[in-house]
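What follows is one structure encoded as structure tokens, with my remarks underneath.
As written, the chains take the letters A, B, C and D, and residue 1 is the first residue of each chain.
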Amino acid sequence: MIEAVGLTKRYGAKTAVDQLSFQVKPGHVTGFLGPNGSGKSTTMRMILGLDRPTSGHVTINGSPFRELPNAQRHVGALLDAKAVHGGRRARTHLLSIAQLSGIPEKRVDEVLAVVGLQDAARQRTKGFSLGMGQRLGIATALLGDPQVLLFDEPVNGLDPEGILWVRNLMRRLAAEGRTVFVSSHLMSEMALTADHLIVIGRGRLLADMGTQEFIAHNSAGFARVRAADTDPDGRDALGTALTRAGGRVLQEPDGALRVTGLELPRISDLAHAAGVRLWELSPHRASLEEAYMRMTQSAVEYTSTDDPRAELWEQDPLALPAWEDEQAAPEVPRAAFFAPPPPGAGGSPFLMPSHPGELASTAKDSPEDTR
Amino acid sequence: MAFSAVLTSEWTKIRTVASTSWTLATALLVTVAMGAGLCAVVNATFDTMPESQQIAFDPTQMSFSGMLFGQVAVLIFGAMVVGSEYSTGMIRSSLAAVPARGALLLGKLTVATALALVVGLATGFLSFFLGQALLGEHSTTLGEENVLRAVIGVGLYMALLAVFAMGVSMMLRNTAAAISILISFVLILPIVLSLVDATRKIAFYLPNQAGSAIMQTVSSPAVTSDAPYGPWGGLGIMVLWVAAAVLGGYLVLSRRDA
Amino acid sequence: MTPTTTTPDRPRSYSSPLPSPRPHLGHALASEWTKLISIRSTLWTLGALVLTVVGVGMLFVSQTSDRDYESISFTTPALFGLMVGQVAVMVLGVLTISSEHATGLVRTTFTAAPDRFRVLTAKYLVFSVTAFTVTALSVFVVGIAASLAHGGAAAGAHTADEWLGAAAGCLYVTLLGVLALAIGALVRHSAGAIAVMLGVVTLPPVLGAMLIVWEAVAPIGREILQRNVPVALSQLFGMQEGGDLGAAPSNFSNVLILVLITGATVAASYVMVGRRDV
Amino acid sequence: MIELDGLTKRFGAKTAVDNLSFQVKPGLVTGFLGPNGAGKSTTMRMMLDLDNPTSGAVRIYGKRYRELREPLKHVGALLDAKAMHGGRSAYNNLLCLAQSNGIPQRRVAEVLDLVGLAPVARKKSKGFSLGMGQRLGIASALLGDPQILMFDEPVNGLDPEGILWIRNLMKGLAAEGRTIFVSSHLMSEMALTADHLIVIGQGRLLADTSMADFIHQNSRSFVRMRSPQLEQLKDVLHEAGIAPVGVPDGGALEIDGVGAEQLGELAARHRIVLHELSPQRASLEEAFMRMTADSVEYHAHAPGAPGAAIDNPARPADVPAWGAGFDAADSTRKGGR
């Protein structure tokens, strides 16, 4: 159990973490989300007693981290996979950390096997890839077989096999009754791993709720419907029927319709009533990524001049207001990718031809869809 | 790729890190201040010195005696210029931008050497004029024989020392190791070697021992009888050392995986 | 991994079968020892120390005759190598802590052991015992070689005091290393801390020579000239220097001064390490 | 265009890259996949001539990297986000790279603006978080506005906003006719970004195919059906000789080997109301894991082996909602080539 009360950290005039209060309960994987620079790492460092809060406090199982009798046996943490002396071998690195808290040496070999590094145990960590470093970091966190685990971006650099393993590992650790607190930027991963989410932005708490609840609150799912291709009027008829029934209909590039605001059985019934045969009727859950983006919209610190959110908001060009057969109207064409365009160079700075088409001339044949 | 572009780039690199200014400023200030201090000491105690020392007294070299410590800062400067590329990983970006190893090395050496030479010359002239002013009646002037050579020699010496440090760091690819080895090599090894007769001759051929001959102006038997070379010969020996270090650095840079 | 165990009062809490001793200094000592012996820079620096002390010392022994030892002690040959070797001890001292900061390992360490003083104390202890042992061993190898090779009648009388002096000399070098470690803990940057330590060793003689000029500060200059590192070390190894500066200070006072300086810096390092964000 | 010809790298007895030959073509985002330790990073480092190959060669438009004049104008690479001098400001770090290749100074501010680092351009890069470091690395790759861009794990440490941005950036750059070569471990990202895949395992080439072919060949796809008239549906399917392969939860059927179109027609003909008729495509992740199962180097020993999860039939439903959109985009693009 981790409990933060009014946690605040200021660096000079900048407030990195602002009056943060939350609880992380045992038996769950709790995800910790927020844009870059929102104070996640600082919060984790304060939980671990590495940074001193300007005000407020955070306790682990009731006592501040630095007062835990045997910290490593209570709390394991992965903060920075590369925080290893490169000249040391993996096993001796773990051994030196284990000895610090009187953890038996055989536990070192145990955790090396758990993370799959037993063959690399005698290598110097300088030659480790990011993924191997990450595994070593996870091994360090598991050394004390602790009740509370903190992971900062645990899947960074791991291959799919490793990602899957971390996902299962975290779920199992939580199922054993441990408190698992994970920060990650990979929403698809978080959606699969975390039961509960704590979201912060600009150092403030934005949400503290279950993952499903979070998605439901912050976004809407949709249905993908495709009429039979053999029935040329089917799509228009279906679109009209769905729109009349109060659904919001957008067209996807392959001709299918994206419907929001109507349940699947209802769509089925409407299609049936309109005499349209369906070749596809699939539900799409909204993704955590989308939900997260909507929530943290105003709290992003480093924004490109080329706003990626355009993809999320500019779905309307897909709509077919008059049911004209306008093939998947392409989004606003991106003439020069680099915004702002350099002055006096015709939109392209150096080597690039002024228009993409000049290079990939054949690409003009098909409506290029930058989505 | 135009070599001038590499030079511009290296100049930006060198002027935008803090270590450059503090190492070179330390080199200048320490050398000038200590030289001035010792000149003042000597001026006050000249009459009490033994006659042999009075005869062999070299007012020019005396004003450069702060170089003993200033050179440490020059070594650290050279080691940091190269070592920080490795410790930060910048070397990979640099090599991706300038894949020709020779050009990169040459660019870096040219810029850093030129900078060290300029600072060295400034150090030489400042130390000289300040030192001579404090030496009072025992002072000399630029017009005297060999004096201008010695003052310019300070610049050459500092520049060569910086190149030497860069070559060694390029071979070791580690700042801390390079600094420790360079300082032991330059400051402590000569002292140790000259303690024993058998090794005293070896000490003459160490880079800084040989190179510092350029800063002497008085060639009385009392001073130079030991050294088997003149000022330019000494500098030549130092140049050989420097060339060896740079060659070693180039080989490491071009052969080893970055 | 272990299966779930449930306790009645905390229904969903995990407890581990591993022993959970209250960690003490002994654990930290074992940890620091593992850290020290598992990196190559330890081998390099200590190897350089042994090589210079024994190598230069043996060279000196081979170049001297029995009569030379009338005025110096048998341990004096080790001094010349140690003048270089002390740099290696200081570098190792700095690296012991600064490499943790450079790599970020310090965060892992302090996460595993939030009682930072325990870790720091272990670092000081492990480093100083190692440095002293290696220094003393190489010094005594040279000393014994000298006494065996030149122990004839012409060498005059030698007492056990010179061996004690050499031991004190090794302690002196070790203290310099501890000072380097403390400065490393304060500065947290390898190159910076090494530069500071080299300044501490090499600057005072020159500073003293400058201060001695002015009447007002001449006594201070004289003190510094007599008490700086190279002079103190020479004295401990049986090389009496100076004379025109007046009576040399005792070995005891030389060591005491370094003990005080090192102690103050070490104390500062405890305060800073305890207080700082890492 | 990047060509690898028999590229081999040995470290002592260990062969990291083994006789690798392939081409990376312009106009596409080419994904570079492989398990940890497969030799991806080594290959990319050899492409930039940072490591010397034991044998074989890499040619960039027919030239070795070292022979390129002003290489940043031809090849931009993000290998290691932290490959910058921490004591230098972000702006100056880029400036010295730009100057070495004769790139005008205003371009530095431009790319910093593009990656969103303009507010911290004058700050020392030492204090940057992983995500900011990554953005700085991407800025350095874009500096020369090069024809070829190489990214090693570009989304590492980026927040979702940044991930979305780099995804669009890479597609946009490829659409302009550039050669984009990206390695990543995040299959969900790759599925959304890459058109073509090169897969290696233990240093050897395992696959060099288009994304759609790769998924098609290395995974199963099926159609899920849900209906209030489940029993009737089962009978109809049975009559048509179609056997459902799996029934994961109460109301759904999974059918392998028959298209959704046919099933839709079948249901319509028999007047069966469907509440779901969704073609499920296996994810790239699944396809990748099947292909590389033998060449994974660091196997974790933990209960619940990954294989078990791969075969879990519920998994394909976890494909992000935009997966379908990708398939469509991919086929359009291929058609245009």
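Basically, a contact is a pair of C-beta atoms (placed from the backbone, for glycine too) under 8 Å apart; a residue touches a chain by one contact, two chains touch by 3 or more.
Since the model is a prediction, treat every value here as computed from it, not as a measurement.
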Practice prompt. Could you find the two chains linked by the most C-beta contact pairs?
Written response: A-D
Worksheet item: Whole-Å distance, chain C centre to chain D centre, using C-alpha means?
Response: 53
Item to complete: With chain centres taken as the means of their Cα atoms, state the distance from chain A to chain B in Å.
Response: 54
Discussion item. I'd like to verify one number: the distance from the centre of chain A to the centre of chain D, where each centre is the average of its C-alpha atoms, in whole angstrom.
Written reply: 16
Discussion item. Going by the contact rule already set, what residues in chain A reach two or more other chains?
Written reply: 114, 172
Worksheet entry | Multi-chain contact sites of chain C, meaning residues that touch two or more partners | 1, 41
Practice prompt. Name the graph shape formed by the protein chains and their touching pairs; answer line, ring, star, complete or other.
Written response: ring
Practice prompt. Please name which positions on chain D make contact with chain A in the complex.
Written response: 26-27, 34-38, 41, 73, 103, 106-107, 110-111, 113-120, 129-132, 135, 142, 144-147, 153, 155-165, 167-169, 171-173, 175-178, 185-188, 224, 226, 228, 260-261, 264-265, 268, 273-279, 285, 288-289, 292, 296, 298-304, 306, 309-310, 318, 320-322, 324-325, 327-329, 331-333, 335-337
Worksheet entry | In the complex with chain B, residue positions of chain D that touch it | 45, 48-52, 65-66, 68-72, 75, 77, 79-80, 82-89, 92-93, 95-102, 140
Worksheet, complete the sentence: Within the complex, chain D is touched by chain B residues 1-2, 5-6, 8-10, 12-13, 16-19, 84-85, 88-100, 107, 255, 257-258
Response to the item:
Residue set of chain A touching chain D in the complex reads 34-37, 41, 113-120, 129-132, 135, 153, 155-165, 168-169, 172, 185-188, 191-192, 221-222, 224, 228-229, 252-254, 256, 264-265, 268-269, 272, 277-287, 289-290, 292-293, 296, 300, 302-306, 308-309, 311-312, 334, 337-340, 342, 348-353, 356, 358-360, 362-363, 365-371
Practice prompt. Spell out the part of chain C that touches chain A in their complex, as residue ranges.
Written response: 1-6, 10, 12-24, 27-28, 30-32, 34-35, 38-41, 99-100, 103-115, 119, 277-278
